[in-house]
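What follows is a set of structures for review.
Consider the two complexes below, in which chain A is the common component and chain B and chain C are the respective partners.
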Partner chain A sequence: MSELIIQLSQWLLTLTQGAEPWDSYARYLPRLMDGVWVTLQLVVVSGIVGFLMAIPIALMRISKSPWLWIFPYCYIFFFRGTPLLVQIFLIYYGLSQFESLRNLGWIWTDVLSQPYWCAIIAFSLNTSAYIAELFRGAILAVPKGEVEAAQSLGISRRKQYQHIILPRAFGIILPAYGNEVILMLKGSALASTITLLDLMGATRGAIARTYMSLEFFLLAGLLYLLLTAVLIGFFRLLENWYNAHQHAINMSLEKVDPQLRDKHLEDNVR
Partner chain B sequence: MDLHGFGHLLLAGTWITLKLAFTSLFFGLILGLIGAAAKLSPIRALRWIATTYTTLIRGIPELLLVLIIYFGTTEILLRLFDKYIEISAFAAGVTALSIAFGAYATEVFRSALQEIPKGQRESAMAMGLNRWQTFTRILMPQLWRIAIPGLGNLFLVLLKDTALVSVIGLDDLMRQAYVAAGFTKLPFTFYLAAAFIYLLLTIIFMQAIRFMEIRANRPWQGAR
Partner chain C sequence: MQWSKKFLTSAVLMASASMIAPAAMSDTIRIATEGAYAPFNFIDSTGKPGGFDVEIAEALCAEMQASCEIVTQDWDGIIPGLRARRYDAIIASMSITEERERVVAFTNPYYSNVLAFIGPAGSEMSTDSESLAGKTIGAQRATIAGQFLEDNLGSVVNVRLYDTQDNAYLDLASGRLDGMLSDKFPAYDWLQTDAGNGFEFKGEDIDIDDKIAIAVRLNDTELKERFNAALEAIVENGTYAEINARYFPFSIY
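What follows is the complex of A and B.
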């Protein structure tokens, strides 16, 4: 892939014949594409890790026992109430304050002092707080009738969550989850502040060498827009696939049996 | 928490953060209202401009926007006047944050405007009010009530986004924490202190927004 991009860059250079800013664009294309790749890694890894972390946090959050919900409540409040930049700095610069962490061996040298992993940790923690809050709302929004039906069938609470409530909640949060991932994409630009060469970092590197700030910032903006468009398209496909049952119901609910309708589905019909 | 005498710096930074947030809120609201009016306008070109504006701004990172405004403006000025004119970080921050806030506020105002029943606009027309009067006397007062929850959330996001302006060297809360952390070699302490100040501000404004929501809904509470 990178071979291909380098060849493409060479070929573009012969086309531009020194005309700016196209010549610099062609010259820095491989580095910018490396940046795009890093940005995508940050978004996808933290999107998945954050999602997996969000489920237990949300389950604890909806518990009625104060011992269980107080921790996720504070966690969500902290990560949603402070700027992402503070969280990244807290992890990347802040952790070095603790002598005991610095003596941890490979955990320190290979993970906690590396900007890449620090960015992933910060983004995962941040996005998990937002997704947990979405999940909490979605679990409470699962139609009561479905839970009651499961109870009357004698399905255990654990299985209810596993097979009915969580899959259903996932379908409900899917559009909002897509939004959250796009916000994460935009937030990932902050990784450049801790020296990471993501798309933003690669752009700033190119500007430092060429002094063409406006041209490269606009190019970066265009690339971010493209990434956003790709993510939007991906989530639209995912939603069409995962929530296909709702689309079918949209058309023929009236004909099936009016008694089956509950509040949630009625909103969809409207 | 021992702040080693840097507490007053953090407070000075907090003050700048607040000034930045409220100035951007002011201009952002104006941009949002203009954007919503353009989106609902019968003129196609205006609708197109507003849609392009919101799509573009919502698709690029706020950090990039801040950097484009700060470095881009000086470069444009350099090319226009052949002279290096530096614009202040505060002005660049306000511009970037207002533009970002305005794009999201456009959507909030648009959906709020659409929620006001059509009959109200028609009766205003029947009473002989012109478009401007209809907007300022009939629609605007109701707009706030519907828009406050959405705008409140946007303001909390804006408050956190002000931290981005520290990247271009504005002495806001984030930057003061950075300076203090560099001086004392206690980064965790100072970033945590900054985080708590941001949290405190968030709590205060959340309460304020709740209060405004209750106030705006007063006419409906008695009826229940």
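What follows is the complex of A and C.
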């Protein structure tokens, strides 16, 4: 144990001593920052695309007609049931095996032959399956009374979904959606396996040249933590704003006009 | 209490002894290879590592009368693994470079490597930097070819770096890469396969004075000397030439 402590402290000293490590940090930090930018793009784009795809998938999934729910059921089963790495390799190395796909013109040259777009496609498909499952649960959890109130007002089913059920469901999934985006951020490190220079790719590039694996992996870990902190903050703000009605319960009752105070409301607060 | 104290002391002593004692003292030498660099090292149909590197490793061990255990390790973690004492030597077609010599010690070289460009057969592809401008060229990450690409052509060509040589071949075959830069001998092997059928060497070989050697930990001088003596012996007694002939019709020493 004492041996380990001595080695650890020696290593900590070598982290900063001499010009050489600092040269390497100065040289590769800008590349790591480029990597952070690529990682952010991957997460934000696939987070939004995945979200938009999830809504129709979830709506089909809750349908009672087997013709409608069978496709999203299989889709969700596949993307939740296979590793993300397998999905990336299938899309990047797998699709490129088909000669006919390579003759599709711009679809091949500008999209499917590019590691960037392959990564976005894989991440979007993967995350949309998870978000669709969140949405399915949330739609079923929208209070029955609200739907019945809408029905009694004669609001059409389409409008019910548009103005009541989906906005309510969004509020319900928000915390879980933030969680899913953070999972996606960490999953995005797999993009480095298809030559993309995301944060992980840039880190592995730096280690390949300097052999300072511990130092650069620590640095990458720190940058991922920072990104996670930013995402957590963003989703906290979004939730406070969107689900403001749930937080209003903290309002002090003393400030409310005494004449408006009623027994029922006070009990509810307690 | 007494017992646990004793136990702790001996555990610390044992741990520190294994830190200090050179690997050569133990009977088994653990040797790492990559297993994705045919024909030098690959995983054969029975799941065991095989290839030129592995046969050289076995011949060296036989010469040293040591028992050896050969393990496989991904390329970009292969030097960290050696430094972390997960094995004692790397015989994985590793080039001697200045950057690596700072962190590991190398034996005498056991073969010499040149780099070569590969491109689609029949296509006109010159390998000077003007004609390569704007092209997408691949190589394996953390290799001499990858470093040569980044250092000499990084500003003119679109460099793609792959985890394994096999993945780079896949993208060459799919047309994502216009060409790739690779060590010549493994590429020679790939060009003989069905997948490599439509491709050929392009331009001149690039001699980068690239010597391939066995890597050991910096302070492991004894093991290094044992490898050097054994290497000299198998070159002299013809074992080396025998192994060479099984893989290439020309000498690579």
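Here is the rule we go by: the second predicted complex is superposed on the first by the 228 of 270 C-alpha atoms of A that agree within 3 Å, B and C clash if a C-alpha of one lies under 4 Å from a C-alpha of the other, contacts with A are read in each partner's own complex, and residues count from 1 in each chain.
Definition applied: a residue touches a chain if its C-beta (ideal position, glycine included) is under 8 Å from a C-beta of that chain, and two chains touch if they have at least 3 such contacts.
Everything quoted here is computed from the prediction, not taken from an experiment.
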For this session: Please tell me, clash or fit, for chain B and chain C sharing chain A in the overlay.
Result: clash
Exercise. Once the shared chain is lined up, is A:S96 touching chain B (first), chain C (second), both, or neither of them?
Worked result: both
For this session: In the overlay, answer first, second, both or neither for which of chain B and chain C A:K186 touches.
Result: first
For this session: Name the contact category of A:T228: first (chain B only), second (chain C only), both, or neither.
Result: first
Problem set entry | chain B versus chain C as contact partner of A:S2, first or second or both or neither | second
Problem set entry | chain B versus chain C as contact partner of A:S213, first or second or both or neither | both
For this session: Go through the superposed model and pick first if A:F77 touches only chain B, second if only chain C, both, or neither.
Result: first
Exercise. Is chain A touched at more residues by chain B or by chain C?
Worked result: B
Exercise. Of the partners chain B and chain C, which touch A:A58 in the superposed model: first, second, both, neither?
Worked result: neither
For this session: With the two complexes superposed on chain A, say which partner A:I139 touches: chain B (first), chain C (second), both, or neither.
Result: neither
For this session: Go through the superposed model and pick first if A:M33 touches only chain B, second if only chain C, both, or neither.
Result: neither
For this session: With the two complexes overlaid, spot the stretch of chain C among 7-15, 25-33 or 79-87 whose C-alpha atoms clash with chain B.
Result: 79-87
Exercise. Which residues form the common part of the chain A surface touched by chain B and by chain C?
Worked result: 93, 96-97, 193, 204, 207, 213
Exercise. Which of the residues in chain B come into contact with chain A in the complex?
Worked result: 56, 59-64, 67-68, 71-72, 75-76, 156, 160-164, 166-167, 174, 177-178, 181, 185-189, 191-192, 194-195, 198-199, 202-203
Exercise. Any idea which chain A residues touch chain B in the complex?
Worked result: 77-78, 81-87, 89-90, 93-98, 185-190, 192-193, 200, 204, 207, 213-214, 217-218, 220-221, 224-225, 228-229
Problem set entry | chain C residues touching chain A - in the complex, by the definition given at the top | 12, 15-16, 19, 76-77, 79-80, 99-100, 102-103, 138, 141-142, 146-147, 160-163, 167, 170-171, 174-176
Exercise. Any idea which chain A residues touch chain C in the complex?
Worked result: 1-3, 93, 96-97, 102, 113, 115, 193, 195, 204-205, 207-211, 213
